[in-house]
Amino acid sequence: MALMRDLGLQFVQMFLVVTIAPLVLGVTRKVKARLLRRVGPQLLQPYRDLWKLMHKEAVIATNASWLYRVAPYTIFAVTWVAAALVPTYATGLLFSWSADLIAIVALLGTARFTLALAGLDVGTAFGGIGSSREMMIASLAEPAMLLIVFTVALVAGTTQLSTIADIFISAPPGLRVSLGLALFALMFVGIAENARIPIDNPATHLELTMVHEAMVLEYSGRHLAMIEAAAALKLVLYFSLIACLFLPYGMATIDKGEAALVVGIVSYLAKILVLAVLLPIGEMSVAKMRVFRYPAFLGGAFAAAALAVFLLFVSRGF
Amino acid sequence: MPSFAGLWCVAALLLVAIVAVAIGGSRRGTPIVYGASLAICVVALGAALSQLLAVAPDMTLALPLGVPGIGAHFRTDSLGAFFLVVVNFGGAMTSLYALGYGRHESSPLRVLPYYPAFLAAMNLVVFADDAFTFLLSWELMSLASWAIVVAHYDDSASLRAGYAYLLMASFGTLCLLLAFGLLAGPDGGYAFATIRAFPPTALTAALAVVLVVLGAGSKAGLVPLHVWLPLAHPAAPSHVSALLSGVMTKIGVYGFIRVVFDLIGDPTPWSALLVLALGGITAVLGVLYAVMQHDLKRLLAYSTVENIGIIFIGLGLSLAFKSNGMVLPAALALTAALLHVLNHSLFKSLLFLGAGAVQVGTNERNMEHLGGLIHRMPQTAAIFLIASVSVSALPPLNGFVSEWLTFQAILVSPQLPHWGLKFMIPAVGALLALSAAFAAACFVKAFGVSFLGRPRTPAAEQAIETDRFSLAAMYILAALCVLAGVLPGLVIDALAPVAKGLVGSVMPRQIGVPWLSIVPIAESRSSYNGLVILAFLICSGSLTAAVIHRFASGATRRSAMWDCGIPLVSPQTQYTSSSFAQPIRRVFGTVIFRVHETLDMPQPGDMRAGRFRIRVLDPAWRFVYGPLVRAVGSVAGNLNRLQFLTIRNYLTLVFSALILLLLMVAAWR
Amino acid sequence: MIFPVALVLLLPVVAVPIMALVSNYRLSAALNVLASGLTLVAGISLLFAAHIRTDLFIVDDFNIYLVALTTFVGFTTSIFSATYIAHELETGRLTPIYLRFYHALYQAMMAAMNLALLANNVGLIWVGVEVATISTVMMVGIYRTPEAIEAAWKYFILGSVGIGLAFFGTILVYLVGQEVLGEGLPAMAWDLLVKNAPRLDSKLLSLAFVFLLVGYGTKVGLAPFHAWLPDAHAEGPTPISAVLSGLLLNVALYALLRFKMVLAANPATLNVGAIMVALGLISLLFAAFMLYRRRDIKRLFAYSSIEHMGIATFAFGIGGPLANFAGLLHMTMHSLTKSAIFFAVGHLTQVKGTQRITDIGGISVTHPVLAVGFTFGTLAIAGLPPFGVFTSEFMLVTSTFPRYPLLTVVFVLGLLIAFGAIILRLQDIVFGRPKGPKDPVKASFVPLFIHLAIVLVAGLWLPDPIVRWFRLVAAQLG
Amino acid sequence: MPSLSFDIAHLLAGSMLVLSFVLLYQDRITAVLNVFALQAIALALSVAWQAIAQDAPHLLVTAVVALVVKGFIVPTALHRIVRRLKIHREIEQVIGGGPTMLTGLGLVALSILLVEPVKEGVNVLTREDLAFALAVILLGLLMMITRRNAVTQIVGFMSLENGLVLAATGAKGMPLVVEFSVAFSILIAFIVFGVFIFRIRERFDTVDVGALDRFRGERRDSQ
């Protein structure tokens, strides 16, 4: 019976993330529009878009291979699993141990790998541009991400997300320089990974600097819907990652009574909302970068994370 | 008696080699030789497995051969058994593959006799239990593989490759020779047992470690000793390339482990520093270079360099922990390294076999001339895709597991007292992550450019799927890649005796863990479960698919590509491998490789084609080998004058030498 | 029990006039083989003879196997030479009259070398080496081309000076012995000298050794006394190159070692080991670099002979049971391998009609069997297993490194450089684009492959008696 | 009367040394040949004296051989060669007379330095002889390498060989001395023969590059 309950909780988590994903996207768009003094779409617009896309016929290039058709599902599934493994409203869920932070990052890598291949499949110039740039960005972001993992893991003594959350809740590490640096770096990496300004512009087409959109240029219909959903999920994932690592408060830890769970869910939604509001504000305050200035941007993230790790290595006090 | 079974297999392989000389010319020769090798390798594999899994006691055997008074000693312990498994499994797979692939060999007599000899030599290296036998089989291995590398000597490239290869190989052997000289002492205790009995002094040990890094590293392909590898591995026929990259480099690793962990015993921390630094540099440089290759097999060879770097990072970590008495993390790091040895031997062999299939199907190795093969060679494409995911260290396949374990080992490092290591190890961790990311980029390019998109040449258009033997071999390897990815616990437990023997501790037993997940140190610390992940993926994927098909419209229309409404029909407009690599080349290559891009764009109205030339320099050539070659050349040139002197000058030489000696005698009085 | 000794010495001596008289070259070639074969039998029988000594002759652990080796290589070379010479007659480079001369000299040389090996009297050793030198000089010049004469002349002059200096050394040795052993033959008997070495005048002995070193070192071909060697090998008939590299150098080194034994038995003498190490290293490095610019295939392997003699000298200079053992093994292996290589090269140059490496190529296509022999020989001489040379180099390097690390590193560098050059040429000749005529070799490969087989077996397993002899001699060499 | 015998031997050996210096000093071939003949005669005398002093009659054979072969036959033969081959009479010296002399003196000093400390066991006569002989040998070598002319180089070799014979005969009771000396004479005969047959004028020291290309096997292009 307990097992059933645990399974239930796990599935609640899975569906929680996937349901709120478009909403989060909607919030960011809305805030952005507001900042631009536009009315902007309604909050639920992303749901409608997905629904619309799903009911359009899918147009597939004649020379597209099976990989092209499988990719969207794979990408979505992988991202979903990754997102489901990040503790959101409660720690110590049934499968939380099946993948630690490193594995989750790597899962996102799998999704990226598939997406890049899909971009190359039809054999267009744009797809190639997108894939190659995506892989470069990844190769810049991944070391930074790993150093962030190091930092957190060194502070908490584990790479197990839910354990980290537990520890941070039970014994708050307090304000630490390293953690601050790690947060800073993680935000940079998240921006890069989610194709946000200044690395990429999700709202643009036909621009030689686009990355993510260039890869999915050929997609349409339900496939495109899958990919869009996956992108939204990824954003949620990063939000909940930040939430879980740096403000885990309110999560249901040991006792998973209804009250605790409700508190957990509400607090989680609140955190996500805050982040979803903060992101566009940040985006609005900078301009899109040239492709070959990415190294500077992500190099900053890397430097911050490396500094954090070294501080930890030198003395565990920071 | 597994060990003797193994030795009998070696003898049998040598016999096959001799027979191959006789029947190699005939048409039936090829299947017979490869069939025999396959059978023998399977037997040897069984023997090795039985010893590894049954944790049979070490077995020793001495024959009155080799250096007089010492004799030839043979021995198998769990370490040897593990590497025998790697060697013979690789050998079996390549032999199976070659049953089909070998038929395309233009001149079989140049390959057939050396192939079994090569396998035998690799087995023998692992069996060897004294310095002489070890080096003898080590050199035999180089020699046999050299013969195959230069098999197609009609193109001068393979001759140059063979030359560089043999030279580096004998350089390595000489280094090992010196190392063994140090360990054996002036009165020749060559038997490994003797060496173990008398542990060396700190200085001797340090010197020996350096020499072994040079010797074994040159065989394994550590930067900057790697230069021969990207030349030689592609030059050989693909099944042999698979052996060279997937297996022989591991023999280099074996040599390192055998000497440093087993014979020397307790290393100093700074030797760990050396190994870690080399490993990190090797990993990043290797894969960076791989990203910039256009030749498919060359790219794979460079990726081998990268993986060797990863393995050596694991070994360096293990050394670091061992030298500081932290046996448990040492066991973890060592297990990670050995696991990566196994994984790499699986997916790299698979990749080379796939490249061979492509070569047979299209007569092309240059990716710029490939493309769209996924339509003509669907099975090869699928298999190659699996291998690419594995080598890119992506879950849920096997490449990820070993790198994940390595990361776990890195995360233990803050507890090290040694300061140099404290700083070195996180840097190495970053390098490791960087190389993983590059690997992903590299294999997106490798798979995407050669298998996806549209065919760039008629050759690629008329590609044909490869034969069933080759496919069988590749399927088995692919299946194992997946299996090792989802059930790594089994392998880790199998490796326990090895770690026990070398660092005196083992990782926690994995079989008992619920849900078959793996736990490096403690459940609370970290754990990973490929099986559950895979199950999850399948569930969610199928769920998604079901939902989509339930609610979404299944209408599908095939039409010309869109490409922002300006479709460029010519396949030449696709992204090529060099254009794919361009961002990374710009960002990372300009500094390290002095990448030099020259674009010559004709004026408007000028009808000639524009030219874009890229020059990439391997720093190893620029800084190490170029100067060496020039130095030898100039010395030889200057000394050569002595060939053209006159008798009187020569007499003068004799006279002055005589006077010099006489003066010495006079002074000595 | 002196009988086999007499046989070994007299058979060739008797053969000389016969050879000179027989005009039919086929017959004389056959007789040459026959005589060498009989000598070989005698030499083999010597293996089972007990050790004996007189004031003039001696049979002990050192020369007992060297005689067998010399007669064996002499025999195989005579077989090779038979077919080789036939071809030379066809091409008209030699005439029957010169052939009589050639065969007579061949036997004379064999006799001289056996004499040098079996002599107990240091003077006789000198005589043997000198006669061997003179006879080879004439054979080197036998083609009468300007190059050949040039080479012969160079060889002659340098050799004569060497002979002179060695003779002076011998006189000094006699003087040294004379004080202790009294006048006459005993004072020149090697074994007595060794036995009484501690009582000998160490200073004069050292002086003597310096002269012997320069004198016999010239014959060994150590740099800087090597100048005659490459040309003599390159311009003479290939069988002579084979015996020069395979035997004469060995015999000269053997003579040198006999004297080193005397010095080794007297601790007060100059430390000649250092000198030998220096000469060995110089020869090794020098030859290693010289190998790179060679265009003439026979000269290439001549330089490789210098290299290997340097290695052996280095080993004996280092001293100690293992290094000396390695040196002895190296001498033996080199003589077998190098003569085998020269057999192969002989066939090669005859079918290709040139000695220029650039004009020889791709023989693995044109002459597969020959290519196999040549490749294995070259790999063996390059020090690759499973051939005997590897064994000796293994023992030498491993045993030396802990004692003299820097020396060994230099030594190993030399090995590597030489290896590079040899392999480079090997690939050009065996692989690469086929060049030159393709007509098959009209000669037996038996000698070539017998040698290679022996070297191969020795690389994997050494019979006990040989090991015993090597050990005892190594102990005596100090 | 050991002292007298000693003095005579000393005188003869010394005269040989002096003659070696004279050889070094000469710069005309004919003169060189004559001086060499003189040295050979001195050698013969000294050997003969040794024969008497050591009452070893077989040494007389050596003396006679030396006298006949090197005192008369060889010089005359060389004279004829010089005439037949039109070898120009001046001798090109590599280094000038003065330095050569100095080097020669140095060599003499060295040889004495080497032989002197030999302990008294060797009788004085032998020791003196040895020093002289060594000096003669070294001077012969010096002559070989400081003269560009084939004939003079032969002469140098022969005076070297004179030194050898001197040393050999000086060594009391040394066996086979006669054989050795004879063997050496044969050697010399060969050399002279060679010069004559092969028309070796300058080949000891060819100056024209064409010859260099033709000889010494390897072509210049091999550089």
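To keep things simple, chains are lettered A, B, C and D as they appear, and every chain counts its residues starting from 1.
In this section, a contact is a pair of C-beta atoms (placed from the backbone, for glycine too) under 8 Å apart; a residue touches a chain by one contact, two chains touch by 3 or more.
A quick note: this is a predicted structure, and the numbers were derived from the prediction, not measured.
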Please indicate which chain is farthest from subunit B, where distance is taken between mean Cα coordinates of the chains. D
Highest contact count belongs to the pair A-B
Express in whole angstrom the distance between the two chain centres, defined as the mean CA positions of subunit B and subunit D. 68
Report the inter-chain centroid distance for subunit A and subunit C in whole angstrom, where each centroid is the mean of the CA atoms. 78
How many angstrom between the C-alpha centroids of subunit C and subunit B? 44
Could you give the separation in Å between the centres of subunit A and subunit D, each centre being the mean of its C-alpha atoms? 99
Hey, what residues on subunit D touch two or more of the other chains? 114, 117, 141, 144, 153, 203-204, 216-218, 222-223
Which subunit C residues sit where two or more other chains touch them? 153, 157, 161, 165, 203, 207, 230, 293
Among the residues of subunit A, pick out those that touch two or more other chains and give their numbers. none
Mapping chain-to-chain touches, which pattern fits: line, ring, star, complete or other? other
Touching pairs of chains, all of them, please. A-B, B-C, B-D, C-D
Where on subunit C does subunit D make contact in their complex? 121, 123, 127, 130, 134, 146-147, 149-151, 153, 156-157, 160-161, 163-165, 167-168, 171-172, 174-175, 178-179, 183-185, 187-188, 201, 203-204, 207, 230-231, 234-235, 293-296, 299
Give the list of subunit B residues in touch with subunit A in this complex. 371-372, 374-375, 378, 385, 389, 392-395, 400, 404, 407-408, 410-411, 414, 422-423, 426, 429-434, 436-438, 440-441, 444-445, 447-449, 452-454, 515, 517, 523-529, 532-533, 536-537, 540-541, 544-545, 548, 551-553, 555-564, 567-568, 571, 573-575, 579-584, 586-587
Going by the contact rule at the top, pick out the subunit A residues touching subunit B in the complex. 14, 54-63, 65-67, 73-74, 76-78, 80-81, 84, 95, 97-100, 102-103, 106-107, 109-110, 112-113, 116-117, 119-129, 131-133, 135-136, 138-143, 145-147, 150, 153-154, 157-160, 163, 205-206, 217-218, 221-222, 225-226, 291-292, 294-295, 302, 306, 309-310, 312-314, 316
Touching residues of subunit D toward subunit B in the complex: what are they? 94, 107, 110, 113-114, 117, 138, 141-142, 144-145, 148, 153, 203-206, 212, 216-218, 220, 222-223
Looking at the complex, which residues from subunit B come into contact with subunit C? 64-69, 131-132, 135-136, 139-140, 143, 150, 153-154, 156, 159, 162-163, 166-167, 170-171, 174, 177-178, 180-182, 184-188, 190, 632-633, 635-637, 639-640, 642-643, 645, 647, 650-651, 653-654, 657-658, 661-662, 664-665, 668-669
